[in-house]
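Note that the chains are named A, B, C, D, E, F and G in the order they appear, and that numbering of residues resets to 1 at the start of each chain.
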């Protein structure tokens, strides 16, 4: 998976996967693949959030400094 | 019949008349009569004409005689009592003896004249003069004239040799203030019978040159107290009262005021006093001049001082006002410049605060965004295993259901519960595979297979 | 039976057999054969489910880790 | 000033000027004019006190005429 | 300024200027102009007063002499 | 800025600037320009006041001299 | 970013960014860019404020001096 995927897209895909799983539209054959994807997406989103927050805090910290 | 007339000598007759009169008029009589003319002779004897008038007509007339020695006596008493010598044209009360003289004829010998009656007569005349003047409205005529500010030009009616005149002139000429009078003498009798007409005559003269004179003075002095009844003379008094410029009198006597003195513009007791009066008039003119100089000096100088003070005051006000104005404007300016700096500082502070506020808002909003997203991601990371597990459970139950169904449907299980399967010719009996009587059918149970023959067929209800 | 059969296909065949049996379209004669097949399919599916679940659990465990 | 002014008028005018000056009713502008006038009037009046213009001969001549 | 202005008028104008200045009704712009004018008026009035005083003294000296 | 500006006009402009600043109607961009202007106006007014005061004192000093 | 940007424009942009962030209209992806921009704008505004304040102080100091 590319790191270039956007948080928004990742988040949307993740939401779709959850919805698909919930709707039972994913076959057992696909399920583990999808869950794996979801897992990757979650990791990615978390990472993005963390890094963005750090960026923002850094910037704002500089401002107050 | 006519007798031969008795012829008397003139002397006989005249003597007889004298005798008769002497017999008849032995007494002395008091007679009131007007003494027309005194007719004093060089001998000193007087032979006055005595008259009685009624309505201007002579109704009685007789000659009188006053012997010299008696005349002197009578005159003496007159001057004492009446302050006037015996004079003509006056009505007198006289004691007479009727005498007849063979040579001189009938006359009344006057032995005494009552001075008190004469005095009464004089008073009456004085009264009459006053009354007449009053009737004619002349009583105050001269006094009502306005007195000249400066009685400089004086027409003097007096007698050349009069002591009064020299007294008067002394006052005017020798005054220490250098007041200059112009005087001109108009000589006249100042007492006695001729005085009135003499003065009137001079007044007439003065009238001719009136524009040269401010006042007329009549001065007399050192002439004693006698012969002043002329100043009660109506004509003289009228002339004085109606004179167009003020007439002042200084006749110099101590008895009752004469009419002339009363109606004159002013009467002074003595000529000296009259002179002083004129000097006083000069003073009255001169003093205001001196006062005016003083007054002008004082007031003009103080007016200038006053204005100077006002000006100084005003220039002080001008200065303090201007300084105050500059000061006030300066204060305003300082206040405004303070406002500029405080307002600017406030504006800058305000803007700084706004920026800080916005920075805070940005941070707060970002934090919120992160929190929200983190929660969402968290939720999803919970949802993924939950849904996955659900799916597994679902699939499992599906499978279990199917397994149950399949097991239920396994024929072995049916037969185990006591059911059996009957077949004809190897196939289950149905409408398409009907059994007939006598057909051999096979019944299969869980544990056995039984062969039977069909005996009867009925339809299942 | 091949292990390569997909869960979905196995499940579909299973559902078909069940449906056929329910419809009474399967004769008693065929029935026990069909039931046998169904039974085999169920076993297969269960096995697939179990293995898939394990996979998924493994993935999710990593996520939580 | 005309010598023809009568001393009576002069005296009255002087009195008026003095009264005005005393009342302070004269402005500074008028003051010296008024004072000058007053001075002339005073001189005129003073002269009148010590002078004479009459001539006895003249009067006698008129009397005879 | 004309010397022909009357003392009274000059003084009145001066009073008006002082009153205006005291009332604070004169702007700074006008102030020095007004003060200058006031100064001229004061000088004028002083001169007039002095000359009047001299005149008066001269006249009175003549009178008293 | 011209020295010919009147004190009154300068002071009015100054008041307007103060009011504008107070009302917050002046942006930070304009602020220093306005303050500069205000400063100039204040200097001008001060100069005018000083010169007026000097004029006034000079004139009045002459008067007293 | 150019220093020539006006305080007002910078401030308006800043306000807009803050409002957008507050409204949640900015995605996490954009957030750090926007925050960076906001930070720059804030710095710029602060700088402008500071320089304006210095200017003003300088001017006012001269005035008070």
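Simple rule for what comes next: a contact is a pair of C-beta atoms (placed from the backbone, for glycine too) under 8 Å apart; a residue touches a chain by one contact, two chains touch by 3 or more.
Please read these numbers as outputs of a predicted model, since none were measured by experiment.
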Going by the stated contact rule, which chains contact chain E and chain F alike? B
Considering only mean CA positions as chain centres, point out the chain farthest from chain C. D
When all chain pairs are ranked by how many C-beta pairs they have in contact, which pair ranks first? B-D
Using C-alpha centres only, name the chain that sits farthest from chain A. D
Have a look at where chain A meets chain C and say same if over half of the interface residue numbers show up on both copies, different if under half do. different
How many angstrom between the C-alpha centroids of chain E and chain A? 98
Give, as an integer number of Å, the spacing between the C-alpha centres of chain E and chain B. 31
Shared-contact residues (touching 2 or more other chains) in chain F: 7, 11, 28, 31, 35, 39, 42, 45, 49, 52, 56, 60, 63
Each of the following residues of chain B touches two or more other chains, namely 293, 296, 300, 304, 307, 315, 318, 322, 326, 329, 337, 340, 344, 348, 351, 359, 362, 366, 370, 373, 381, 384-385, 388, 395
Listing every touching pair of chains gives A-B, A-C, A-G, B-C, B-D, B-E, B-F, B-G, D-E, E-F, F-G
Which stretch or stretches of chain F touch chain E in the complex? 6-8, 11, 45, 48-49, 51-52, 55-56, 59-60, 62-63
Where on chain B does chain E make contact in their complex? 293, 296-297, 300-301, 304, 307-308, 310-311, 314-315, 317-318, 321-322, 324-326, 328-329
Would you tell me which residues of chain B are touching chain F in their complex? 315, 318-319, 322-323, 326, 329-330, 332-333, 336-337, 339-340, 343-344, 347-348, 350-351
In the complex, chain G touches chain A at residues 27-29, 31-32, 35-36, 39, 42-43
Residues on chain E engaged by chain B in the complex (per definition of touch): 7, 11, 14-15, 17-18, 21-22, 24, 26, 28, 31, 35, 38, 42, 45-46, 49, 52-53, 56-57, 60, 63-64
